[in-house]
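What follows is a single structure, written as structure tokens, with notes after it.
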């Protein structure tokens, strides 16, 4: 039904738009649970990923890693390659950033989530990361999706800024059709006319995905709002809506962050968030374990 | 700051777009609590409004009223005048519908929330209703807003389908500037490219309004999703995001509803929703009382 | 087909959303030509409406009227009642503004187009105006539509900021279903994520309406862009796309306009626009007459 | 000014969002004219690109090529690699498609425009094509942009489905910052709530780009509407708005096209379109030469 609606626009081939299969609840009725070195996401298990927008230095990263580990996160996020609107903005530390992430894993035991922004870099990033992130701007970079589908790493697939739910699930199908079934979806906000927030976080998409697919879906309230003051309430709301986890920007000192400082939580606020999230998760019979 | 952003578009007068005052947190730092015949909305108090989309008959209305009362709602919602896209669609029972609502109040003690769709009907509807609803399509019907501002009834002001948060707060300012300070805001979904859901429920707007205004804000997950399967998760999420209440479509038999059957809850599902909402509210230190 | 697509969303009754009739090409295959005191709009006839956003004084209005008349416009536009986002913004001169408009008609012979913002004012405004304008924010103010449908004046019906083409045509159906068949549609831009322009002018809607309906459709490039530099190119594009006319903001001195100065043309630029529009119209076999 | 508006959202670094330079009118006040083997685009020169959505066979391609050449197009478009929503949809003939395109150039003298969908394929596609197209979904595939910037081929850069004008110009800046100054922008429609058309063609973006940049900008009314009936009016409108050219889907027999048949013109309709476009271009002092 969904796909038929999606496909009803002019010039779209109904049969084809209707064709995702591996991602669907029809194909697999029970929830998929993805195990990343002992941390589970999906079903009754919440996965919490946190850390700075960009890897800036080993010191900054380790400080952030210890903070998020202490508050209960199982995954460290941090960008080594940053897709930026302007070619003159900070583009990330590249492979050196990946090395710092690997070092943070050694020192904290946290699993590493980091973005791969081109198919040619999939092999390199896979060497360092535990979860490969595909960003919103690359959700329909089909060559990248296929390459990600040929790795043995779980893929965190962010929804595009103007992607329909059907297109998002079809992007996941690209990955799965290459043999990699460990896909974690991530709602991170869509683009609307509203300018108070950076994006409009579409928590309805979480409920929709739960109906349509067996894959786990997590939420990014940092990019979804662009304002740190809104991250805690939206993180609570995401879990209450049924999300299987969160990815949160946390910076030891947001005021000096090289990117996204306005949407990064302080360590203190992240701890409060974790406390609230666990309470709501308990009501839903879920836990961070 | 917000208003400056909103006003940054071409051709907008900054000083004026910046000018809402009575609705702002700066004007009144503490949360406004609105008392409707003993039921409070705002601060630590949740208000729950439920009932059918349209008043269809006295019997249908009374059945729905008893159901929602039994599950813990304090308000009965039901439309006597229905704004419909087509002139040939069911337009509501008009004054007879208002009489049925008044009868339901007598029999159940529920407070009545119903829509007024034109300034000329404000007096008549005020005669029957306890809360006057202004619908999304009328959010910038400024004459209606002013007339509502001259009554002594609380006003439930729905956000327009493409209204920015600033425009919505300015609409509330129209009401308050006429002397009626009892305005309850209601997020009911905005229009985006997504077609799986009827609207995109913008729960970020709840968190934003909490920062910008002292007024209570409730959420309508029925219109905000258009699918009954999504109403419970989004109701939970709304409360977790900090909403001060809910307005929910409940029909004794959704399959035969004259309007919005696909988004109406059965009595059983509404009871489950209330149970979940109270649990989440407790975490936030809020209650339905 | 169109209506079926529009109606395919969740919770919408297909049969009813499909039901506009009087506005459709199926009902009346040939183009409707509306004659307003000798000026024709529709078919091979272009109607040009121009003047200030708001009536500010008799002098300002008469200056503008002579300018637009001299450049070839047949209609004078000007707001006596201004729907403004903020209650504290200039709301128009009200009935005195209507009197000035009537005086301008006497002195120039231009037909008067002015907005009516509430059903209760339809009678008063009809007393002064030759064409009643219903603004974007009131496109689904159904009571107002019905009252407009009971007058003997042509109605200029602007598209709502987030209205689908189907909803817009259904709004016209409301007017026609009351017996008034003289409806002129007006595309004035829709709300999107783009912030460089005030709205996104949807000229595809002109072509779409030409397929779906026999009613004339004109374009408002002033509100549709919010920037005077873009008004001329978009006016040309509108006529090339098949529009039956234009409504343009022209102010003797945009720098001191009480509203919308940034999108108002100077007299010189309006004359240039008229010259270009006539050349493009000639290619399409249309003329201002 | 533009960039300041764009950058006013939460969490965006003003200085950086403001930083495109090489693409701006400030950097180069006069229009850039791009010469592709004798065919010029920009300034007073229109470039017309036409052909099938996908290369299906040599015969289909040659038939289409002769048709569009006969009607006056200077460029043949056709996809050898098709970015498709579903992994199970026709993905193009790949290198064999490129060979057919090269053969069509030999037989007709038309310049070849074709899409490159991954950075790793830039070298291969450059071997066959005269203009490299970067599609809407890849507008912020920054690695691809950089690789395109290192070739000596002109780049046709389509606007993303939800890209702001500022983001689009920044994407062009990525290409130019690598040394390739021959960038042709292409407006192809943005995603809005409207479902009657496949996209909403934003012709205001043409006028905006003309103010902000010296680069040529063309329009794709085929993808921008998704309906062949709307292609001719929107092509006329694009030229009237100031576009420097068009890219149009033409198929010898749209009914059997493997993709986008509903938006493809027949040879007859394309000839009519060319006739109309030349007439409007003449008014603007432009020509296809």
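Read from first to last, the chains carry the letters A, B, C and D; within each, the first residue is number 1.
By our rule, contacts are C-beta pairs under 8 Å (C-beta built on N, C-alpha and C of every residue); 3 or more make two chains touch, one makes a residue touch a chain.
Since this is a predicted model, take the numbers as computed values, not measurements.
Among the other chains, the CA centroid farthest from that of chain D is the one of B. Comparing chain pairs A-C and C-D, the larger number of C-beta contacts belongs to C-D.
Centre-to-centre separation of chain A and chain C, using mean CA positions: 46 Å.
Chain centres here are Cα means. That of chain C falls 33 Å from that of chain D. Across the assembly, chain D contributes residues 5, 8-10, 162, 166, 191-193, 195-197, 225 that each touch 2 or more other chains.
Of all residues in chain B, those touching chain D in their complex are 4-5, 8-10, 191-193, 195.
The part of chain D that touches chain C in the complex is made up of residues 2, 5-6, 8, 162, 164-166, 190, 192-197, 200-208, 210-211, 224-225, 229-230, 233-234, 236-242, 276, 279-280, 283. Chain D makes touch with chain A in their complex at residues 8-13, 16-17, 19-20, 83-89, 117-121, 137-138, 140-144, 146, 160-162, 166-167, 170, 173-174, 177, 191, 195-198, 225-227, 259-263.
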